[in-house]
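Pasting the structures here.
Each of the two complexes below includes chain A, the first together with chain B, the second together with chain C.
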Partner chain A sequence: MGAALLEEFGRGDARAREESWRYSKMALRALAQQEFVAADANAELPETLRTQFDWPATRRRRVVVVNGAVSERYSDLADVGAMVTVGETGGTYAVRIDGKIDEPMQIVYVSIPSAQPSRWQTNTSMVIVNGFVTLIEQHVSLDGAGVLGASRRRIDIGEGARLDLVSLCDLPESMSLYRLLDVHLAAKATLHATHVLLGGRMQRLDMQVELAGEQARLESRGVFALRGRAHADTQLDVRHVARDTTCDILWRGVADQRARGIFHGAITVAEGADGSDAKLSNKNLLLSALAEIDTQPVLEIYADEVKAAHGATVGQIDERALFYLRSRGIPLADARRMMVTAFCREVLDGITDVDLRNRLAGLLVPHVDGASA
Partner chain B sequence: MLKIENLHVRVAGKEILKGLSLEVKAGQVHAIMGPNGAGKSTLGNVLAGREGYEVTQGSVVYAGKNLLELEPEERAAAGVFLAFQYPVEIPGVNNTYFLRTALNAQRKHRGEAELDSMQFLKRVREKLAVLHLKDELLHRAVNEGFSGGEKKRNEIFQMALLEPRLAILDETDSGLDIDALKMVADGVNAMRSPDRAFLVVTHYQRLLDYIVPDVVHVLADGRIVETGDASLAPKLEEHGYAWVAERKLAGAA
Partner chain C sequence: MATQPLELDVPDESAPTDVVAEALNRRYSAGFVTDIESESLPPGLNEDVVRAISARKNEPEWLTEWRLKAYRHWLTMTPPHWAKLQIEPIDFQAISYYSQPKNRPKSLDDVDPKLLETYDKLGVPLHERARLAGVAVDAVFDSVSVGTTFRKELAEAGVIFCAISEAVREHPELVQKYLGSVVPPGDNYFAALNSAVFSDGSFVFVPKGVRCPMELSTYFRINARDTGQFERTLLIAEERASVSYLEGCTAPMRDENQLHAAVVELVALDDANIKYSTVQNWYPGDENGVGGIYNFVTKRGDCRGARSKISWTQVETGSAITWKYPSCVLRGDDSVGEFNSVALTHHRQQADTGTKMIHIGRNTKSKIVSKGISAGRGQNTYRGLVKVEKGAEGARNHTQCDSLLIGKKCGAHTFPYIEVKNPGAIVEHEATTSKISDDQLFYCRSRGIGEEDAVSMIVDGFCKQVFRELPMEFAVEAKKLLEVSLEGAVG
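Here is the complex of A and B:
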């Protein structure tokens, strides 16, 4: 069964799978020990979950996916009906966005546990023909018998179009989630993605971005903040295929208690993608001796006149700064929380919507509790 | 207010303070002078409660309490303030937020009402003016991108805002030009009062022209080797620290 899950979530040949799941194999194996029933797509949405995503601002621009299936009942696209169409072919949802949408849209994945461990999966293909759209994506769930979700999404961003994706995944400790995000950008297309990964028994994000057209641009921001026994594994695979393409990757990671975080950031500048610019920075904080973070930046360049910079660190909280704060009267736990929150917040700076930014920052706080050492 | 007796402190396995005794009364300004490496910063750090400083002998009593038993934040709430020789940059932590959190944490600890943002900002404006600090520094991260002089003035600004009872200034004068030095001195002099004491650590006599101390100590090799009034400082400047060491030897012989 462990092999079967690896088969299901792994990509490429056997060696590539082994390699890319190196740090999460045990977590996958543990999941494989369990029997899962199919999650109920018609499950009632508990009020406690609804309050987690029911922002009035996005109420009429919202798609709600319950246990993997788009819910007619809870979704509402009244404000954007002319520009957004949602269809289904062969088990894959097809979303087409054509035109500039001024206010953010929201897509919510709700995982509702059953009496026994359950699992769902969903496939989406999204095309952004032109214009500009902000998409707030959220995964919410409740603690319970355990859910294993799998979401695979392909996004095509057309020439000159722009997608701002804010993805928030705040999981209870019984939930596991595999996500594949496969993005193709045409000429002058832009993706600005911000990922926040909090909690979860095992969460894995595979983000593959192909800068296929000239001057296509990726800005990837992300942070994981983990405590307890949370396990998060992020794998970025960015490919510069066309000339003058840009990627700018800034990720942060924090692990406390016995949590485990993995960041793998690979950038390939293919032959012919001359004049490309690739930047990757990944900084991590370990807050406990039992926590672990593994980071691996990989840069492969086969083109000419390429600008590239990358750096990755795993460190501890700056004791001098901590003492400075305490010497001014700030209690230890608060001082730690201030420093860790500041460390994580840097990735949110690019979000222009102040309300949204503050909301995300607020969600980080319980995950960077300063109490433990 | 502060009584240090026979203090011995080890840092990284090496004895740095070797039997230091000192008594500071409320209302007084004591200057501590001494050569590099004498243990001046060690003294400041021990008083503020920094980790890694092992007290092997002696005692420190502050306002009737055993200071060494308190956590750094408890010392701050009890009125101890250290102006750092090297203020620390804290990326991402907004200066205003930091100051307000610090002030309110101290007030809360003392059972006083916390200040709302209007009351807080009013206080901030008053104190900024004294030190000629730009408003703009408040919007930055703590000490981040501050010039050397701005960092030092920022320490004194924090002192003015937090209104401690015992302020320890660790070489706040070093690296300051004469104008900045005067601002720092003005900041300190404005705060001198019968219920507040200062321990001014300096390497040079220059600062003491503007902050006239009640008592001057010479700290060398982990001990106070000479104590006098304000006139001791210019003598030191003239003769150098070697002079003290020689006098000490002569006295012992």
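Here is the complex of A and C:
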């Protein structure tokens, strides 16, 4: 069964999968030992969950996916009209966006536990033909018998189009989630992605981005803040295929208590992708003797006219900064919280929508509150 | 401490002739010159071959068993596939596990003129060229005398420096205690193979409180040139001892596509200090990737004692394929590990090299500096692991790995693994990849420096941080080696 899940989740051949799961193999094996029933796509949406995502600003530009299936009942796309179409063929949702959408759209994945552990999966293929769209993606769930979700998404961003993706994944302790995000950028297309990973029994994000057209550009921001026994594994794989492509990756990680955080950030510059500019920074805070952080920034360069750099660190809160704050009368616990929050917030700076940025920052607070000494 | 010059062309007059004769006889008795054929075992590997190797060396029972155990374990293993290398499958039954290099040239006239040209550029004295090219007799006189004199001086200091097969006979208790204690026989595929069939290698023992009076080098040892493909080196520095060891072939060694699977084990007890420098320039194969050495080496140092230090420095310019990760196990509190590396791949060379720093003791520190240069169709990979175990409070690591690309067809890759389990540790990694900038080239050329010279100047600057760690003679040679190896990479 462990092998079956390995075959199901991940990319590449058996060897590549094996390698990409090296730090999460145990977590995957534990999941494989559990029996799952199919999750109920028609489950009633509890009010407590609705309040987690029901932001007034996106009420009429929202798609709600309940246990893997788009819910007609809770979705509402009245404001975006003809610019967005949603269809379904062969179990894959096809979303087409054409035009400039000024206000953010929201897509919410709701996982509602059954009496027994349950699982769902969903496949989406999204095409952004033209224009610009901000997409707020959110995963919400309730604690319970445990849910294993799997979402696979292919996004094609057309020439000159731009997608701003803000993804928030705040999971209860019993929920596990596998996400594959496969993005393909045409010439002069831009993806600006911000991922926030909080909680979860095991959450894994496979994000692969192909900069296929000239001057395509990726900005990836992300943070995981984990405590309890949370386990988050991010595998980023960026391929520069065309000339003059750019990627700028900035990820932060915090692991406290017994949590485990994994970050793998690979940048490949293919032969002929001259003029590529690649940058990756990954910094982590390890806050507990029982927590663990594993990071692996990778560069594979096959062209010579490139600039590529990466940096990764694992460390602690700067003692001098803490001392500075305390010398100004801020209690230790508050000082620590301020430091950790500031550390995480750096990745949110690129979000231009102030309201959204503050909301995300607010969600981070309970995950860094009272960070242990 | 004055470093001993590498020059061999000044005969040591003080060496009494009988010492020379004795040494020469020993050499003969090993059959290196006389009857080559009789020393070769037929190709193939099985338990009998392992026993035969052991018997030929008059090894004690325990070592024969040790080899056999390694061999049996090797049979259950598969070659590692994780490295970013394209390796043609190796037919282990086609290799002769105890043989002399074939086609040894009889005189310098038989040596490939291209090779001689290289020596010329390196400034290797004529006398040494013959020796390096593998011409048999000529240089032996000097090297034997030199080796013997040094040995005397070393013995006075209490340092044991000899062939490992000799150590097995003379100091069995030391060999038995330390052999395989850092790299266990079953550690990995190639280490297991080496444990089963290792032909020879060096043994160094520096006792308590002794600072080795000179830099030790395989170059000085009689057997050095003929230790074969499966070399085994064991170096032990007791409490407060200190030693610097140079390894390498300082000029190209002409060989067919051949497997070289060596194992190097270093043990540092309390306050000991070991510096291990390598300049590796095995035959890299020709421009089209035909021939060349497969250099699959396991090197590991164990900082067993508190405040011990192990420092690896390597300049890798040769070999068709390099698979090598000199590592440090930082077991003792406050122990220090260092890795400084320059790896160059040109034409169709491939290198997957790096280090492992395993932090186990408290306040352990490690530093990694890796400089990769890719040219032609070369593929150059840095692969490193920095692991901080739970108990390694206050561990500290800094890693810097830079890659330089020269040409459109080459590749430079970086695969660092960072695993941290202690919240008191600080681990930092940075890497950059770039080509030689046009600005730099333009600056040099505008001052009348030719393109090739400019490139070698820039490359030299790029590697400076590592060259600084090398003993002086090695540093000079390393610099020249890079120049020679990069020839034809520009333009």
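What we mean here is this: the second predicted complex is superposed on the first by the 372 of 373 C-alpha atoms of A that agree within 3 Å, B and C clash if a C-alpha of one lies under 4 Å from a C-alpha of the other, contacts with A are read in each partner's own complex, and residues count from 1 in each chain.
FYI, contacts are C-beta pairs under 8 Å (C-beta built on N, C-alpha and C of every residue); 3 or more make two chains touch, one makes a residue touch a chain.
These numbers come from a predicted model, not from an experiment.
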item	value
Clash or fit (per the criteria above) of chain B with chain C on chain A	fit
Greater residue coverage of chain A in the superposed arrangement, chain B or chain C	C
Partner chain in contact with A:Ala38 - chain B first, chain C second, else both or neither	neither
Chain B, chain C and vertex chain A (Cα centres) - angle in steps of 10°	80
Chain B versus chain C as contact partner of A:Phe343, first or second or both or neither	first
First (chain B), second (chain C), both or neither touched by A:Arg320	first
Chain B versus chain C as contact partner of A:Ala333, first or second or both or neither	neither
Touched partner set for A:Leu286, first chain B, second chain C, both or neither	second
First (chain B), second (chain C), both or neither touched by A:Ala308	second
Chain B versus chain C - smallest C-alpha distance in the overlay, whole Å	13
Chain B-touching residues of chain A, taken from the complex the two chains share	318-321, 323-332, 334-335, 338-339, 342-343, 345-346
Complex interface listing, chain A residues touching chain C	15, 19, 23, 271, 284, 286-289, 291-316
Partner chain A, residues of chain B touching it in the complex	48-51, 71-73, 75-77, 81-82, 84, 87-93, 98-99, 101-103, 105-106, 109, 141-142, 158, 162
Chain A-facing residues of chain C, complex	81-82, 388, 390, 403, 405-435
